[in-house]
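Okay, structure first, notes after.
Chains here go by letter, A, B, C, D and E, matching the order in which they are written, and residues are numbered from 1 within each.
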Amino acid sequence: MWQIIQTASPQLIKAGLKYTIPIALIAFAIGLAIALVTALIRLSSKRGGFLAIKVLFRFYVWVFRSTPLLVQLFIVYFGLPYLKIRGLSPHGIQLDPVVAGILTFSLNTGAYCSETIRASILSIDQGQWEAAYSIGMTRTMALFRIILPQAIRISLPPLANSFISLVKDTSLAASITIVEMFEVSQQIAAQNYQPLVMYMLVAVYYAVFCTVLTWLQGYLEKVTSRYIVAK
Amino acid sequence: MWQIIQTASPQLIKAGLKYTIPIALIAFAIGLAIALVTALIRLSSKRGGFLAIKVLFRFYVWVFRSTPLLVQLFIVYFGLPYLKIRGLSPHGIQLDPVVAGILTFSLNTGAYCSETIRASILSIDQGQWEAAYSIGMTRTMALFRIILPQAIRISLPPLANSFISLVKDTSLAASITIVEMFEVSQQIAAQNYQPLVMYMLVAVYYAVFCTVLTWLQGYLEKVTSRYIVAK
Amino acid sequence: ACGAKQSSANNGGYQSELKQSKTLTIGLEGTYPPYSYRKNGKLTGFEVDLGKTVAKRLGLKAQFVPTKWDSLVAGLGSGKFDTVLNNITQTPERKKQYLFSTPYVYSKYVLITAKKNTSIQKLSDVKGKKLAEGTGTDNAIVAKKLGATISPSGEFATTLDLVREGRADATINAESALLTYKKSNDIQGLKYRVLTNQEQAPAKISALFNQKDQKLQAKFNQELKQLRQDGTLKKLSVKYFGSDITTE
Amino acid sequence: MLKVSQLTKSFGDQEVLHGLTTSFPDHQTTVILGPSGSGKSTLLRSLNFLERPESGHYDFDGENLDWSQPIGNATILQIRRHTEMVFQGYNLFPHLSVLKNITEGPIHVLHHEKAAAQTEARQLLAKVGLADKANEYPSQLSGGQSQRVAIARSLAMHPEYIFLDEPTSALDPELELGVLKVLLQIAKEKQSMIIVTHNLAFARQVADKILFVENGHILFDGPNQDFFGTQNQRILDFISAMTFSDLAEN
Amino acid sequence: MLKVSQLTKSFGDQEVLHGLTTSFPDHQTTVILGPSGSGKSTLLRSLNFLERPESGHYDFDGENLDWSQPIGNATILQIRRHTEMVFQGYNLFPHLSVLKNITEGPIHVLHHEKAAAQTEARQLLAKVGLADKANEYPSQLSGGQSQRVAIARSLAMHPEYIFLDEPTSALDPELELGVLKVLLQIAKEKQSMIIVTHNLAFARQVADKILFVENGHILFDGPNQDFFGTQNQRILDFISAMTFSDLAEN
């Protein structure tokens, strides 16, 4: 057993550093940006032509929340090559697996996080917007300087949930030919026929990364709550 | 293509009704209960011997958030049989796959949801607790009658996120020998060599169920927000 | 199970090694035609028929439990199945953990490339190339041994897509898989070559048993031998593979 | 009789109440006066166990508690049943209608019958001039209306002591008058009350006893007439500020 | 000159302002009086475009707007730059220190230099008696302290009009006096102000013009002395209620 761990670990760590962690970090960063934009558009009270954009973003959230991530990856990687548009993409759209992965993971986590952010913005007292407007702030300014700093406190744990889920969902990248950490563990298990041991080992490496994220969450919760007086 | 859909659909629907939906519903119900208890214990200000319990629940949340769900399923189903305790379980703990699945899914979603619920309770103004205490309510009573009805509004979208994720995570049950909907689609794909079509088809069925949940979320958001006066 | 005695010519006593009395519980993926797959929702295939036949001869009921690849191995270890019939190739490393039956299929390999590919002429050319292979399959092991890098690809159909589109350079796969695929699908844009026994010895496909179930293994081997002798095995092979591939 | 002695309370390392000793007689109204930030709200909250003083004794109904010792939840609950708080910031339950805000305690804590509780709630709403708002939500009320609902909510519990923290600070004079009359009426009915207020005219009318707090110390503790007849310069200043005579000098 | 005409505002199907027409002269202080729920806050919020009236005209600085027509964001922003609101419920920014609450607007909206903004903020804090609270968070302040920070925050923006909604309702008389003096001072410096208050003594001192609102109608609109010298029985009742002379009758 000790020997299995010793031989497997370098391969796992390498795959983790090369794919799992970078994909998770980049996809979450992009996903957060998408989520913020989506939440704001969905919360906007604008009407008229803007309604079409709102419907579009609502549709986006619905599609990416409602269908399995694996299917999304499949369609982006294996399905888009069939999308042969004359002139634009005569051979279909062939994405590099890592690009396809990051794209899909970002869109997926963005859909989930947009709901979290939307809820947290809604939970801030209306008076805060009004006070911000009153000192002449625009909507954007009020949002970034007054509302979000308060909303972030409430949305941290569910956002951390999404991030941590994403870290583990990167294992699905194997289905689009990316040899990430979990895939490596399965490949090794296929040789040594010790899947239980291999799974436990890879779980430890996921846990290490997720623990760092949990710490970060706790730290940010503390920072963003420093203005709350404990009773 | 039309024929593929026609022959595959009854099998998919049957597996969905027999496994995917019941497992998701039951596991989420149990998970919510676990999450509530966990959130309350973690938020409790009690000290002393109680601290050990708090640490325990913190550990539970950490373990189940930090490790891949697939590994958790594996350990509960394939790992527990190795746990041979003399007298108690001489042959190890052999769980029925559905039982093992529901148990693991509940614990997993419970860990995530507990963070969401914890955050939403924290976001309710301290004055609400005080007003409730002042009219003589116990902590439990204040929680269920005053705090949670307000907290639920904020936590609905992230809880819906978790539920919808769970629905799709049930596909992992295939690895503990449960032939749920996604596994059926893969089996059919292996036979007709049309994985892309099959995946899209199964995605539609997931989407139908998740759309119902999204509606439910929207409806509950409306109900729980009726006391907020729109400005 | 109450500790298996040393295996011997005496084949009795294997019943005590069964997970469920009067039942032979067989793990398989059910997603690999023609070994095991679903036809109109019902499990069928060479290994399914083989399992049923052996069980019947032993007076047992065959129960098939479909699951994922990793779960087959883990499940055998923790006593969820009596045996696994899933196109499993014998390797020395695996033999350390589990018992194998005598082989019931000798599976030839085929090298598939895109028609326009010129860089892979002989087998050794795959060195350093990207080969699309299913995780856990012995195809992947062979490809790796030849020095290729592996692109994991679960489905045979998408594996061919990858090769056709040039996103993978080639794939080494079982000849039977390709032949089955070809029956109902065209392989436009692809070319293939069956590897000779000198290039790559055929995979020895065998049933898998738990280390302690030595009596069961012996009994299975005994039945297999008889099936081979009375021509049943050959009949099954012709039915599913179109030819007899049950001998070396 | 509700008594406290040597009550000390800090926030962080800032001590805001410095060992207060006083008593609040039964069936009397005690008014707490003092400048902003002097610790009036903190004192009231301590009496209702919403703040936890570091030390001091609490003496009520034969129950003697030492704040420096652990105090069980059951004890706190027991004591709170006898006291009711009206908050400076209303603290209405936003998810409940005005009527339900008032009946919540009677029905679910005191286990009164629903119909009876609702009837009384409507009477109390009429008393504070909000008979027509029974089915609104708190977010639909103006500031003044909210505070009146909060007062009705506390009255519905029929507590032995009512604590009121600036109960009319958000009310305009006309309606303040109505509420003050209600409070004067209950004071007359010998309800024990402790009121923090800045309305000296009202204090003079309603108070049996007056506490004057400054910087976390009790500067005056005695009967109404002694306070308003005092020679203490600090208190005279405080009283004269109330009349806004200084405003004219500008 | 800030004018409104035929201002109508409803919440749902309840009309709370019934076509008000009035004006708020430059460099003068207008005081709005009236009972609770009469619509004073709603009027003030409409003037700051925090509520959207269904109809009526808004006339300020040559800008003439029709509320029944769509109004662009840029226009609203433009107008809000010239007006500043102090809320009944403070609405301090909880995540910013007291000092940053005050400098937020000057630095980020008016693009003043940070150091200058902070210096002025400290001066304003001293003015309202909170020089030592610059680095606290709003949750650490008492009610009275919070309201004073809110006033300082609005003063820091040097707006053409300041709207104050019961700016001292939570302040005790001593500190109220201080703040009222500050407000009187700015009034003297010809700052245009609109104040909702229940303090008649202050109103009498500070108002150039008085509006008396009841049930969403303007009952009186004229100079200070006309109001306090009125023969209108309704207004006389309102003024007399202020003195609490009735309390004595109990």
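The rule is simple: a residue touches a chain if its C-beta (ideal position, glycine included) is under 8 Å from a C-beta of that chain, and two chains touch if they have at least 3 such contacts.
The UniProt protein names, listed by chain, are A, B = ABC superfamily ATP binding cassette transporter, membrane protein; D, E = Arginine ABC transporter, ATP-binding protein ArtM.
These numbers were taken from a predicted model, which means no experiment stands behind them.
Asker: Suppose you hop from chain B to any chain it touches, then on again the same way; how many hops at least until you reach chain D?
Answerer: 1
Asker: Along touching chains only, what is the step distance from chain A to chain C?
Answerer: Steps on the shortest route: 1.
Asker: Which chain's C-alpha centroid is most distant from that of chain A?
Answerer: D
Asker: Comparing centres built from CA atoms, which chain ends up most distant from chain E?
Answerer: When every chain centre is compared against chain E, the largest gap points to C.
Asker: In angstrom, rounded to a whole number, how far apart do the mean CA points of chain A and chain B lie?
Answerer: 19
Asker: Roughly how far is chain C from chain D, going centre to centre by Cα mean, in whole Å?
Answerer: Between these chains, centre-to-centre, one finds 81 Å.
Asker: Could you give the separation in Å between the centres of chain B and chain C, each centre being the mean of its C-alpha atoms?
Answerer: 36
Asker: Quick one: chain A and chain D, Cα centre-to-centre, how many Å?
Answerer: That pair's centroid distance is 50 Å.
Asker: So which stretches of chain B touch two or more other chains?
Answerer: Residues 74, 78-79, 195-196, 229, 231 of chain B touch two or more partner chains.
Asker: Spell out, as numbers or ranges, the residues of chain C touching 2 or more other chains.
Answerer: 70-71, 74, 77-78, 158
Asker: Listing for chain E: what residues touch at least two other chains?
Answerer: 11, 50, 89, 140
Asker: Which chain E residues qualify as touching chain D in the complex?
Answerer: 11, 34-37, 41, 88-89, 140, 142-145, 166, 169-177, 180-181, 184-185, 188, 198-202, 205, 238, 241-244, 246-248, 250
Asker: For chain E, which residues are in contact with chain A within the complex?
Answerer: 45, 48-50, 73, 77, 80-81, 83-85, 87, 89, 91-96, 104-105, 108-110, 137-140, 153-154, 157
Asker: In the complex formed with chain A, which residues of chain B make contact?
Answerer: 62-63, 65-71, 74-75, 78-79, 112, 115-116, 118-120, 122-123, 126, 153-158, 160-162, 164-165, 168, 171, 182, 195-196, 199-200, 202-203, 206-207, 210-211, 214, 225, 231
Asker: Give every residue of chain A touching chain C within the complex, in rising order.
Answerer: Touch residues, chain A against chain C: 74, 78, 81, 94, 97, 174-175, 177-179, 183, 186-187, 189-196, 199.
Asker: Going by the contact rule at the top, pick out the chain B residues touching chain D in the complex.
Answerer: 125, 127-128, 130-139, 141, 145-146, 149-150, 224, 226-229
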